[in-house]
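Everything below concerns the one structure shown next.
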Amino acid sequence: MTEIFQRPDGRAADQLRPVRFERNYTRYAEGSVLVTFGETRVLCNASVEEKVPPFMKGEGRGWVTAEYAMLPRATHTRSPREAARGRLGGRTMEIQRLIGRSLRAVMDLERLGERTIQIDCDVIQADGGTRTASITGAYVALVDALRKLQREGLLLDDPLRDSVSAVSVGIVEGTPLLDLCYDEDFRAEVDMNFVITGSGRFVEVQGTAESEPFTTEQLARLQRLALAGCARLDLAQKEALGDLL
Amino acid sequence: MTEIFQRPDGRAADQLRPVRFERNYTRYAEGSVLVTFGETRVLCNASVEEKVPPFMKGEGRGWVTAEYAMLPRATHTRSPREAARGRLGGRTMEIQRLIGRSLRAVMDLERLGERTIQIDCDVIQADGGTRTASITGAYVALVDALRKLQREGLLLDDPLRDSVSAVSVGIVEGTPLLDLCYDEDFRAEVDMNFVITGSGRFVEVQGTAESEPFTTEQLARLQRLALAGCARLDLAQKEALGDLL
Amino acid sequence: MTEIFQRPDGRAADQLRPVRFERNYTRYAEGSVLVTFGETRVLCNASVEEKVPPFMKGEGRGWVTAEYAMLPRATHTRSPREAARGRLGGRTMEIQRLIGRSLRAVMDLERLGERTIQIDCDVIQADGGTRTASITGAYVALVDALRKLQREGLLLDDPLRDSVSAVSVGIVEGTPLLDLCYDEDFRAEVDMNFVITGSGRFVEVQGTAESEPFTTEQLARLQRLALAGCARLDLAQKEALGDLL
Amino acid sequence: MTEIFQRPDGRAADQLRPVRFERNYTRYAEGSVLVTFGETRVLCNASVEEKVPPFMKGEGRGWVTAEYAMLPRATHTRSPREAARGRLGGRTMEIQRLIGRSLRAVMDLERLGERTIQIDCDVIQADGGTRTASITGAYVALVDALRKLQREGLLLDDPLRDSVSAVSVGIVEGTPLLDLCYDEDFRAEVDMNFVITGSGRFVEVQGTAESEPFTTEQLARLQRLALAGCARLDLAQKEALGDLL
Amino acid sequence: MTEIFQRPDGRAADQLRPVRFERNYTRYAEGSVLVTFGETRVLCNASVEEKVPPFMKGEGRGWVTAEYAMLPRATHTRSPREAARGRLGGRTMEIQRLIGRSLRAVMDLERLGERTIQIDCDVIQADGGTRTASITGAYVALVDALRKLQREGLLLDDPLRDSVSAVSVGIVEGTPLLDLCYDEDFRAEVDMNFVITGSGRFVEVQGTAESEPFTTEQLARLQRLALAGCARLDLAQKEALGDLL
Amino acid sequence: MTEIFQRPDGRAADQLRPVRFERNYTRYAEGSVLVTFGETRVLCNASVEEKVPPFMKGEGRGWVTAEYAMLPRATHTRSPREAARGRLGGRTMEIQRLIGRSLRAVMDLERLGERTIQIDCDVIQADGGTRTASITGAYVALVDALRKLQREGLLLDDPLRDSVSAVSVGIVEGTPLLDLCYDEDFRAEVDMNFVITGSGRFVEVQGTAESEPFTTEQLARLQRLALAGCARLDLAQKEALGDLL
């Protein structure tokens, strides 16, 4: 590759930041994972609730949903709390809907039975990619919560149909990059997020031209970066879960 | 093409619904367009306001933003008003942010000068594709508002850098389709929205696997359908604006 | 009559603006009427819901209620959406309560059975008299919804006891006028709205001295103008509904 | 008069309930009046604020506005506080807008100078007619606040152009009645509120057919009752203010 | 005592302001008491509701809860209504939680049976000590409501285990004072509220160093003042309720 | 001491849980401390903002304020987010007002200069005593933020007048205990929180009889426990800050 743009932390264009999963980070949640993508840290807690939303009652199917928030000082300058402002912002709603859809896409909700897995993603520190880190960590917390149900005999079949992870890609000064940190994201001409299954298929594709519309060739290049990135995240998830021999 | 799925209205898989733009639909807005995609009807009003949001004051640049709403009985069953519920839903916020970004992507905001174009997209009747119809109609209303400013001598340079339109694509019973109506959208395995410039580049790409993750090949096929669809929408916009010939 | 004030559109003091009803304006609502009073256009959709508010459950009576909103750019300058501000304004609440009361006044709610007719009045374009146009159009939409219930055999008796329409009157530069447009309304010393049945009786009388209290004689004159105006609106409603001859 | 309906408290049809004004009821407000209409008691406080709403700044004119609330247990059964529910109800908004308009109608706002008189009407006990008692008491509080400004030399000209009071009338079992108590109001076929100046002219006329539309003759009869009632209220106000002889 | 600080109304440091209870102040509430501590006046209404909050249903126990509000012009300068601002402030919430806890502390909720006593404390005029006056008056209103239930045979056992009253104490210019008025409270270095039973035990102790942290000795002195003050309030409550002799 | 109650973790009645302060826990906040009291963990971030609230502008004094929140799954069962419910609860408001007052009590706000220190206390895991841990940790974060200002030359004088910490005490099965964990707190007859300066004086005293009013002797015993506990917390703070020797 003949990249022009030098990444602030010296990474190659197709290199992920260091990724880490700390399982059982808090003691009460059925699944609790602190996920780290470089300087981005998100606490992902999975709570099992033995009920479903009203509109699903009696259908025998379960539900997976997510909420997302940033601590006020997760960022360079403090942002006001949404609780204090009395309403969720549009960005927050977009992200939490995305996390929920991504996890449901790899679940067999009938096998889950009439219960809800509620995922809370709270960003402790933000350096870009909080939504992709959230999805990637939430998957690990979800698996831990499901295994706990299985150990307790409350769940017989495995409701997981696949694994799932997410990564951001973007174009900065003409260079396609994998897993953007905040400074890169801030300067990106194009910003995309991919949610991809362990089997390499797409769950979500979201791309935005921040300043310059992009071509079919650029889209193809970003897609390849994302597929490779998620393949490595999938491996890291399996390793954290002890599923690699 | 050897499609299996028969579309309810007999269209070919790569065929748009009838598209129509009624300009000057209301009398006060600087640009006012009723856009029709089949049975979907959206009123797009562009209002010029000689000020910018507080965070942009004094920078000499303009702003384009959008709001989106559905009339309560635009749909088969009535939905409660968001004004009565006291807060905007996540879907509404996602859509209005998307419309705003899409229009800004083809604008030179410095040339616009320190003023705001506020676009209101109100769905009179909904049969799928309301966000793509909104973007496509809003562009025409935006052009009308800009031309009015030019006629009045308030705007010297043309702030438009390109044109923009949007279309939905999706996979229904395995068949990739262009411009889904509500019944198709409801049954789609994959649902994507593309926002594409007149020059054939991507502004927004948003794809969601509703029930089944999708492959690289399927993504490529949907992308081609969208590019062809937006090329035709671009033509229809130019025709409506009297820019052909 | 020896009027001094010349109306902007050349109308006589006791003349209505052109009135039009477009039935079946949208396809999903059980009754859907676009009503036009001159440049004022209001979409009135009647939705049938097979339930009643909690406080009426089990009493065997039905309910008719209304909501009212203006599209942001229905007016000369754009007004912010009430959904975005998170609460309904006092004017909106007053108007929607008025529309609901006016329609209930001509209904036998026991005959309606335990169901709700929800009327949505959305102002597409506003040039004065939006509340009176709303009531007048809503009545036609209500009739259409009731007839649909009758055709489907869901309603045996006719729950309508009378017809109803509404008109504004006012005093401008000392001259009593019928059916004020926005410019007249803006300059009126006195502003009144009358809701009157087809049989010529009063359902609602609301008069406000905007700048100058008014006398018994002036009130009597305005009352006569309103009675004549509503008699003509009643005819126009019957004609639109195909009930003449 | 040959009335059929016997009033619960034995009053004649055209008789007011006992009316009382206690001035200086609280010690901080510039005008503070507890007004009593029979068992209805409303505390009306007038506060002077040396500023006007933003939209009036610099125009040299003053403003009079009102707020209205019921204590939760002013009524037979407790009603939830609007502060706890987080929004004002439609009835509250209607009433406070009415009180404000009624007082402004007798004021010369230019003479008031660039200041606001804020009237707070808080219902201590409610037995019908709370809005008419509020207007009638608020006028006395307003006069007290204005006189205080005059005594302090802050106001040179008298901004009052007339006095104002209000009364309810209605038809119960076919009988037109003046100043309805709650039990009468509850059973009324027609319910009207009149706001009338000391000089006998109308400021507000609001009539609603609760169950039966009413005729021109009935309206005329109610109007006469109201004119006579307000004439007596005007006298009572003057007496309370020490303006008789 | 060798105090330096001269109280504005000439009271001794350990002297209460004149206290008065007007029972049956309004006619609908089951208990209705206007309590006066000097210039502070609070209307305390107790309403009996034959239901409990959802989380207590079916447990056979009752509930006592309280709401607190100030009329906008209870104070020197007008404060905006919380209903108009759409949310309760922190101070209001703190006070109403305190009143509710204080009353529940002397109640046997099982003996009350599955019903709620809702206390509304509305401050008519505020000159310091509104929360302590509220608790002290609310207790009398509560007793009246319970006695009414007993007279009607709806309550067999007495659910009261003790009586309760409250008083403020504080340190002003180094002098410990009982029952502070607003001017004293405003200048206090330390501000405490004690809620104490008739048997001389503590229900609530809340002390805040407004400007200067306080010592163990000062705390002990304030505690003694409060115990003596509440002993006298207890007597005044019993006298008002006719329980002396 | 002859205690009857055996503490779940075997502590003596007057023993604190293990306390730990992790400074620089996040990277952007000017002070960032993760404080641990046993299983209770609170992240305290101090943000410096070079402005003050509007009501303090131009007075040359600074401000210290705090916000408090619990992550939804900090507790045994998940609690809904206050941001999602759209309003802060009464408990949250009480706690964040308490934290702010406690810190301001040891600050010379004039020396701080016209800037705000905003403290955010976010509970990661809750096992009782979250408000006292918050105050104790917030003090350390505040010191770190002030020292940073001093190092950068933005602050010349030390605005700290004293140090401050907080601890809970309570009576469980008749036994007075220091620093209650959740299980103890849940069963406590009396629950108190003390905020105490390094010099052993009281900033806040808040005691509540949850089920049984308490005596002067019990209050004295709890006070002694709290004084001893805060003395040890003060030492731990100094040690964490490197101020011992």
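First chain written, first letter: the chains are A, B, C, D, E and F, and each begins at residue 1.
FYI, a contact is a pair of C-beta atoms (placed from the backbone, for glycine too) under 8 Å apart; a residue touches a chain by one contact, two chains touch by 3 or more.
Predicted model, so just to flag it, every value in this text is computed and none were measured.
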Give the chains in contact with both chain D and chain F, ordered by label.
E
Far-end chain from chain E, centres as C-alpha averages:
B
Distance between the centres, which are taken as Cα means, of chain C and chain B, whole angstrom
34
In whole angstrom, how far does the Cα centroid of chain C sit from the Cα centroid of chain F?
60
What's the distance between the Cα centroids of chain A and chain B, rounded to whole Å?
28
For chain B and chain F, let me know how many angstrom lie between their CA-based centres, rounded off.
52
Note the residues in chain B that touch 2 or more other chains, in rising order.
86-88
Ring chains in order, chain C leading off, chain D next?
C, D, E, F, A, B
Interfacial residue positions of chain A with respect to chain F in the complex
26-29, 32, 39, 41, 43, 45, 47, 49, 67, 69, 71-78, 81-84, 86-88, 92, 118, 120, 122, 124-125
Seen from chain F, its contact residues with chain E in the complex are 87-90, 93-94, 96-97, 101, 105-106, 162, 192, 197, 199, 201-209, 213-216, 219, 223, 227
